[in-house]
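I have a structure here, written as structure tokens, and I will follow up with some questions on it.
Going by the order they are written in, the chains are A, B, C and D; count residues from 1 in each one.
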Amino acid sequence: MQPVPVLARYSGVRDATQLLVAGLEAEDMVIQTMPDVSPTKWHLAHTTWFWETFLLRPYLPGYREFSSQFNYLFNSYYNQIGARHARDERGFLSRPTLDDVLAYRVHVDEAMSRLLAIDHGAQNTALRQLVELGLAHEEQHQELILTDIKHVLSHHPFAPAAFAGPAGGAGEADAGPCNWIGFDGGVVEVGADEDRFHFDNEGPRHQAILTPFALADRLVTNRDYLAFVEDGGYRSAGLWLSDGWAQVEALGWTSPLYWRKCDGRWEEFTLHGQQALDPDMPVIHLSYYEASAFAEWSGARLPDEREWEHGAATRRSVDGRLCRPGQSAHPAVTPAHRAGGAGPRQMFGDAWEWTRSAYSPYPRYRPAPGAVGEYNGKFMCGQFVLRGGSCATAPGHVRTTYRNFFPPATRWQFSGVRLAKDI
Amino acid sequence: MQPVPVLARYSGVRDATQLLVAGLEAEDMVIQTMPDVSPTKWHLAHTTWFWETFLLRPYLPGYREFSSQFNYLFNSYYNQIGARHARDERGFLSRPTLDDVLAYRVHVDEAMSRLLAIDHGAQNTALRQLVELGLAHEEQHQELILTDIKHVLSHHPFAPAAFAGPAGGAGEADAGPCNWIGFDGGVVEVGADEDRFHFDNEGPRHQAILTPFALADRLVTNRDYLAFVEDGGYRSAGLWLSDGWAQVEALGWTSPLYWRKCDGRWEEFTLHGQQALDPDMPVIHLSYYEASAFAEWSGARLPDEREWEHGAATRRSVDGRLCRPGQSAHPAVTPAHRAGGAGPRQMFGDAWEWTRSAYSPYPRYRPAPGAVGEYNGKFMCGQFVLRGGSCATAPGHVRTTYRNFFPPATRWQFSGVRLAKDI
Amino acid sequence: MQPVPVLARYSGVRDATQLLVAGLEAEDMVIQTMPDVSPTKWHLAHTTWFWETFLLRPYLPGYREFSSQFNYLFNSYYNQIGARHARDERGFLSRPTLDDVLAYRVHVDEAMSRLLAIDHGAQNTALRQLVELGLAHEEQHQELILTDIKHVLSHHPFAPAAFAGPAGGAGEADAGPCNWIGFDGGVVEVGADEDRFHFDNEGPRHQAILTPFALADRLVTNRDYLAFVEDGGYRSAGLWLSDGWAQVEALGWTSPLYWRKCDGRWEEFTLHGQQALDPDMPVIHLSYYEASAFAEWSGARLPDEREWEHGAATRRSVDGRLCRPGQSAHPAVTPAHRAGGAGPRQMFGDAWEWTRSAYSPYPRYRPAPGAVGEYNGKFMCGQFVLRGGSCATAPGHVRTTYRNFFPPATRWQFSGVRLAKDI
Amino acid sequence: MQPVPVLARYSGVRDATQLLVAGLEAEDMVIQTMPDVSPTKWHLAHTTWFWETFLLRPYLPGYREFSSQFNYLFNSYYNQIGARHARDERGFLSRPTLDDVLAYRVHVDEAMSRLLAIDHGAQNTALRQLVELGLAHEEQHQELILTDIKHVLSHHPFAPAAFAGPAGGAGEADAGPCNWIGFDGGVVEVGADEDRFHFDNEGPRHQAILTPFALADRLVTNRDYLAFVEDGGYRSAGLWLSDGWAQVEALGWTSPLYWRKCDGRWEEFTLHGQQALDPDMPVIHLSYYEASAFAEWSGARLPDEREWEHGAATRRSVDGRLCRPGQSAHPAVTPAHRAGGAGPRQMFGDAWEWTRSAYSPYPRYRPAPGAVGEYNGKFMCGQFVLRGGSCATAPGHVRTTYRNFFPPATRWQFSGVRLAKDI
């Protein structure tokens, strides 16, 4: 099979971004419901700014910037690129309007098509790597667009749906029992090879020692988690990490982020609106604290990220329920039985899996030079690694060595849990 | 002169509301920059809800509500009308969209025209009073639309203008010196008569005793206030009320809300964008604390509200710079000399004038029965009275007995100061 | 009767201060439980600093200050006296120790006795006025010592008593029914005469117009207030001022500050420890918001401060339950029937009475010159007037014209309520 | 050499605790300056409660508790032991007084001497382990007593000293240059053996793979760190972890916790009072963020905790500047040259060394059963490991495998930094 030409891939990713927001109103795209959430409009502009800043400005001769104000407005966190607008005030940006942002996208896409048609000689490799980074970056924001608009709509008193119609997969199957798959451990290799695209935090590839362990062969379901809730999980301090219990008490958590009990029945807010809780679906929108407490209650633990990676390497392909906008069904998790094949199921897609590994540098890790070096390294503190992608992750984005990371109180991502244990 | 027919007056006020927002983008109208500020879209809907709730529902047979959700979304603070959306989350209301809200306005206007064409017999008087209240209410929100959108746009890093073109009146004249006008005091009558429309807080009319006093014959100007700033007014604890000084220290105030010093020159954010500070214009966007400290520094004091009312009664008409959208100039203050006639100038329009009177009930005051009784009485605590209207107040809205009120830290209103003293 | 010689009065007040704290541990006197509360040790030192600063330093030749650090540590809020320690960090002052503070008191008392033995000639009058101010100041802090230590001890999980033995008066009598006493109003005189000691905020004496009104002839009792609580008073938004309801919701108020329901029975924390609620006692530790909501629920209102003063002028003497430490009973309220005589009972002592008057300057009020001018005027914003003194007020301290003042959310003072109405 | 008999060891540790506080006033011991800090009195009681709860109650027949209230007051965080007083309100505990707490210590010490004189037969081993835990626990609180009282005294405006006289070691020597000591890495063993006392978080002993690295042969000094400060380290976002930079901006950090610049010269608050900054002393009171930024600025990094442990294993003994109260000098750091011997110097004592290792469970770690299992495991989230002890650590307390841990913003501990790098 021959590689997709880079311009086609560029266009495919850019189009996918806009497909995601096709059903939203201009007014939906302005709102920021918490500092972690960015308005849809901001994502549409920021991803465009990334191409303009790291590709067009340095590499396209004669490129004319769309607006002199956008570098200030749409730089996310790159200190080396200059001053920028405060993150928690993105919801105050009435201007540029959605129409202006869409025009900005057209302007940059047109320039990118010119850039990618040129032979850059000795710079071809560097440029190709930046394009790969830009594509991966835009795919990450595709997922954030979904998690952020879900948060925004959930704060509306009447909880409107982002997507019309029912979610794909609901009510069609049962998840079945959960089984353990054992691994011997020993000296293993983890981390990314140098010869294909990956983020700097995935390398260098290195050896690690694992003691014998087992992984659950599917994700924890709503049914599993409901048993924890109904057994008083949220009232039992002894199950929780100290910080987690403090959070439970301070914020009054009694269930996952989007669960609500209405007239005695559990419902869940989804991108397709408020729905009855489907017990066979993977539980999502858990914090690390909840994942850890659930594992403790289950007599198990969370996997180490190296265990997860070692287990995932037994899968032949990165298969699973990922995000394919414009196709029959919109982002939603699915029951485990749909993911077939040997070894643990649901390793990719459906829900990001919390590991018990703090997000730390691998041995001999050094950040990339320049502003793109701010991408990962400076966040290696206070966060935990998640693995495997979710139903909101773009196909082709995730891989065995991929390390996602969030602070332990994070709940607005599509984050779930797979159990592990020592054997 | 014969009274304007009520339907024409209704249409005039409703149209004026929409004229105010004609230059705004849909995205501008969603944003809430602090709990006191409501999105423009919310104001457009809330004023409409007021007509629906207090007029159409009880009085128009067969009236069909536009949406069953709007009573929850657009009730501001009427506990008797039922549960309502949290005030500080109005900026999360992406839906209804602006288009939906405009359709709501059309729906209600059409019904109101039917209601006002009917002879209601014995109910005519009650209805007429409610219409007057609704018109006054909508006019109040016209002013809030302006003060709120000014706050919203000021939080944008590039400070866009709400209105194109220059503000009316700028740079055309000088304010001239400030003179004192003396009053003998004695037993005076203040408060509103029963026989024309007024808010319940303006009555009952009653006697009060005033000792001899003088009022300044014009508002304090930017030039006057700048002398205070440059004399270290914001660094001199002894000039300030204790609460005011705490505020200055906590928030780092060094000038009125919308002043900024750029490259050594003072500028002011206005509804027409960022502009050089005009020294002849009345100073606006002062808190009570700043008004009080300025008065102390001036060797004077703020007027008592009864002194102000007694002084205003010497004017023959409610003249001054009020808000006339769609006419040549948009809301902006003007220098004092434009306001002519005998007695103190600028008593009406330009800037609300802080008085030193805490907002309290007049003797024998009782709130109106029913939900409209929540309009005023429950706010009689922790606020100060302002008098005279501003350049953002609708013509015909303000009168000699009119009592506006805000907490002493409030700065986002068009609030200024007139000095007074004992003689 | 001849006036008490000033040195004896000085010694009497100073001794009374120390009598109040005789039962406390050194450790009790260090603690600050909220910014409004000062540690006992701080009060003992601050009152001493007042004498040193305003009397000894300017008037006693050769006076040697006790410590060069104390001006910084024990200045409360006098900006003109210089920099000072942050109010909300008084609980961090381990040093000086209690023993050091007691030695400071001895040092200053000894110097004061020398000062008061000297004939100061032309300065005698000024000095005498400052001594009166110092005595009144120390008496105010005597009351604060009691309210503050009550707050401190109430935050201990086992709620220890400040004073051994039962409170005086408990369980001995019933309060009896509440009756109305009518007043005609008209032009009345209020405020203090120049010829005897008073705080500057009590003057100038001036005329006011009152319309006919009635005052309740006793304070509201725990029994009265309990009926409000049990009728859902704390759940009925319509009874509350807007700010008050916000406070109820934010802080979860369900009863007066020191009430607690234990095993279905109401108890009250007192300076004598946790006790069963006595229904005949005046209700105390109410905020203005609660006083106002109770009055609304009762179909009455709070008195205007001028009404209260006019009513109090009908009493022949300032009689009532005030604070007499060292005598048979410690500070505690008493039932109404103990206070006899004509006119309204319990006007003085027992509980400070919230009026509906915002704390504002009287006509032609000017603060005293110099640092003592910071005593009152700068607080005339955001507070309400209370009248009549409490069971923690020193005898001889309060008078008919006396204006106490606190912000409306204040509950840790001995504050109660007397009803009023228009007639 | 024969082991110290356990009762003598018990008495030695208990006496050392009281020696530490001999110079403090009762009032010093009540104060809590932030939630992380406990009052000295609380430490004195809590350590005593630990013996009472885990040793005397279960093992000494007929033991009579000192007070029924103390289990509530002095339980720190053991959920299994029952309800407890809020951590951030320990500064409100005026009672029990210091005298009461000292009597509590005598009561428990007397009972412990009886308990330790008994032969418990089959329970001897369990008991011995609990005694070791109790001793280690009390030693940990000895260090906290010092770090906490340092914080308390530093908040006094006149910064009093905890200990009279000069700190030992000041000004006597220079630290000399810093050299690198290389290590080959490979498969190494880390963690504690089962056969001697250690905390559960130090085990199980396990294999790890290290790549070649070097450790600095001494701690970073004030001189080293001052160069970072003066080079604009606190203003260079690019040197900092993202969370660290947020902290710098939010709290305005410009130097280590106890440094202050007075009249152009750097001073440092110590337990011996305010002193000129000694450039040869190890820098202390750094957060993880500051340690990390300094390492980045130095072109180095922080050690992994396994690297540190591997390097420390080259030392023959746990030597260094630890806390020996009652001896010639009180807790203070010393220059590096005093610590001699082969391999890296200052590995033990002087300052806890931040590692870049998040505090995580070792492979196959399980918390101890029962309430003592709450000692470590529930804190394995959001913290970083520090190694090697400080000048405030009891001799005999620390060891090669010892893992201390604190959140990355922590600065009030005696925390410093040793550099590492890949080779």
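The criterion applied here is as follows: a residue touches a chain if its C-beta (ideal position, glycine included) is under 8 Å from a C-beta of that chain, and two chains touch if they have at least 3 such contacts.
None of these values were measured; they are calculated from a predicted model.
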Determine the centre-to-centre distance between chain A and chain C, using the mean Cα coordinates as centres, and give it in whole Å.
60
Whole-Å gap separating chain A and chain D, where each centre is the average of the chain's CA atoms:
38
Distance between chain centroids, defined by C-alpha means - chain C, chain D (Å):
47
Considering only which chains touch which, how would you classify the arrangement: line, ring, star, complete or other?
ring
Considering every pair of chains, which are in touch?
A-B, A-D, B-C, C-D
Chain B residues touching chain C in their complex are 77, 79-80, 187, 206-211, 237-238, 240-245, 288-289, 292, 304, 356-358, 360-361, 363-364, 374, 378-382, 408, 422
Within their complex, state which residues of chain A touch chain B.
25-28, 30-31, 33, 41, 69, 72-73, 85, 89, 91-95, 97-98, 152-153, 155-158, 160
